[in-house]
Amino acid sequence: MPVVSVRIARGRSTEQKRSLVKAITDAVASSIDVKPEWVTVLIEEYERENWATGGDLHSDKFGPGFGRQAR
Amino acid sequence: MPVVSVRIARGRSTEQKRSLVKAITDAVASSIDVKPEWVTVLIEEYERENWATGGDLHSDKFGPGFGRQAR
Amino acid sequence: MPVVSVRIARGRSTEQKRSLVKAITDAVASSIDVKPEWVTVLIEEYERENWATGGDLHSDKFGPGFGRQAR
Amino acid sequence: MPVVSVRIARGRSTEQKRSLVKAITDAVASSIDVKPEWVTVLIEEYERENWATGGDLHSDKFGPGFGRQAR
Amino acid sequence: MPVVSVRIARGRSTEQKRSLVKAITDAVASSIDVKPEWVTVLIEEYERENWATGGDLHSDKFGPGFGRQAR
Amino acid sequence: MPVVSVRIARGRSTEQKRSLVKAITDAVASSIDVKPEWVTVLIEEYERENWATGGDLHSDKFGPGFGRQAR
């Protein structure tokens, strides 16, 4: 009964989240042979102001927004 | 000095949270013999749009709201 | 479908873990009105060498062991 | 730069973990349009004695082992 | 490639978060000899209503606000 | 009362962990003005087989060991 947490930048649409949890669930179920209905996925959304790499806030590094297109 | 994280659907009242942290703290303290004042409880609230089981978002599965009554 | 993580010092017996997950499940189910079978509890055990408060490792502060009796 | 934690029962082979992280990374990259090399996946393995649903330890409920085949 | 989660009470300024992630990144890089650009820091902000010690919500114990000055 | 989780590759010495938790505690206390004795640090150690970036296990990418020197 796997429990998956996915930490991403805030801002994805409901449609993207729907795809995300479906794709992760399938990935887990097929890779380790568990039933899809056993898999729980939790999405944790972060403001860019609460995420840093190399000591720099992503809001400073990348500006507002999220994902590839915002860079 | 146990640290407990409780992930629940967003929407409970302050009164319910008050009961929740009290009951969990008592449960931990009595089960593993630690002082209640050593126990930390963190509540993490999730939108139903950020929670999925079986590959389906709970907002799609159960509609808005939270808990038993919303089903 | 609450998911609870309990971080404790390593060393409790199976019997204590059995009591712990039962008591936490009952605490959650009764406080926020969910069915007990919806509640998942995960126990995360830490060596005292991997836990610190006030900047000091618990292995340095409290010696080997766990819980109240080890102090 | 998504960070994914996957909590599973201990016991999968290296080959299964290899498939798991590859499949999850692809799932995340394609669903929310990020580069695969931005995706971090952490596998957290739990003993069945440290996992409970409905207030019962999985070691009591399902015996030793893991996954579908152990039931 | 360390991943650090920092759970704090909500309310710090961007400037404080900037200092926090810089200081933590330096602390990790120098203590365990990794490059600063490998270090990820995630800030998780909690309402005082979602944080308890000794069985009491911090919103009940300390009132609104955060940190030392709010007590 | 910040709670910090540091996820690192398994293998650091007790001395390195001692430095790590001291440095992180000081970093948090000075950046957001809390007392050092309020700060909890938890170290979570991962096998390289349980950590992946870009879809590849670090045990495949970097071989056994940990940190900069192992690459």
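List of remarks:
When the chains are written out, they are named A, B, C, D, E and F in that same order, and each has its own residue count from 1.
Keep this in mind: a residue touches a chain if its C-beta (ideal position, glycine included) is under 8 Å from a C-beta of that chain, and two chains touch if they have at least 3 such contacts.
As the structure is a computational prediction, the values presented were derived from the model and not from experiment.
Seen as a C-alpha superposition, chain C sits on chain E after a turn of 180°, to the nearest 5. Seen from the Cα centre of chain D, the chain whose own Cα centre is farthest off is E. Compared on C-beta pairs in contact, C-D and E-F come out with E-F as the pair having more. Between chain C and chain F, the centres computed from C-alpha atoms are 21 Å apart. Chain geometry summary: the mean Cα position of chain D and that of chain E are 27 Å apart.
The multi-chain contact residues of chain A, meaning those touching 2 or more other chains, are 1, 3, 7, 26, 40, 42, 51, 53. If the chains shown are joined wherever they touch, the resulting network has some other arrangement, not a path, ring, star or complete graph. Across the interface of their complex, chain E is touched by residues 7, 46, 49-57, 59-60 of chain A.
Put simply, chain A touches chain C in their complex at residues 1, 3, 40, 42. Of all residues in chain D, those touching chain F in their complex are 14, 17-18, 21-22, 25-26, 36-45.
Remark: chain C residues 1-8, 12, 16, 19-20, 23-24, 26-28, 30-35, 51, 53, 67-69 touch chain B in the complex.
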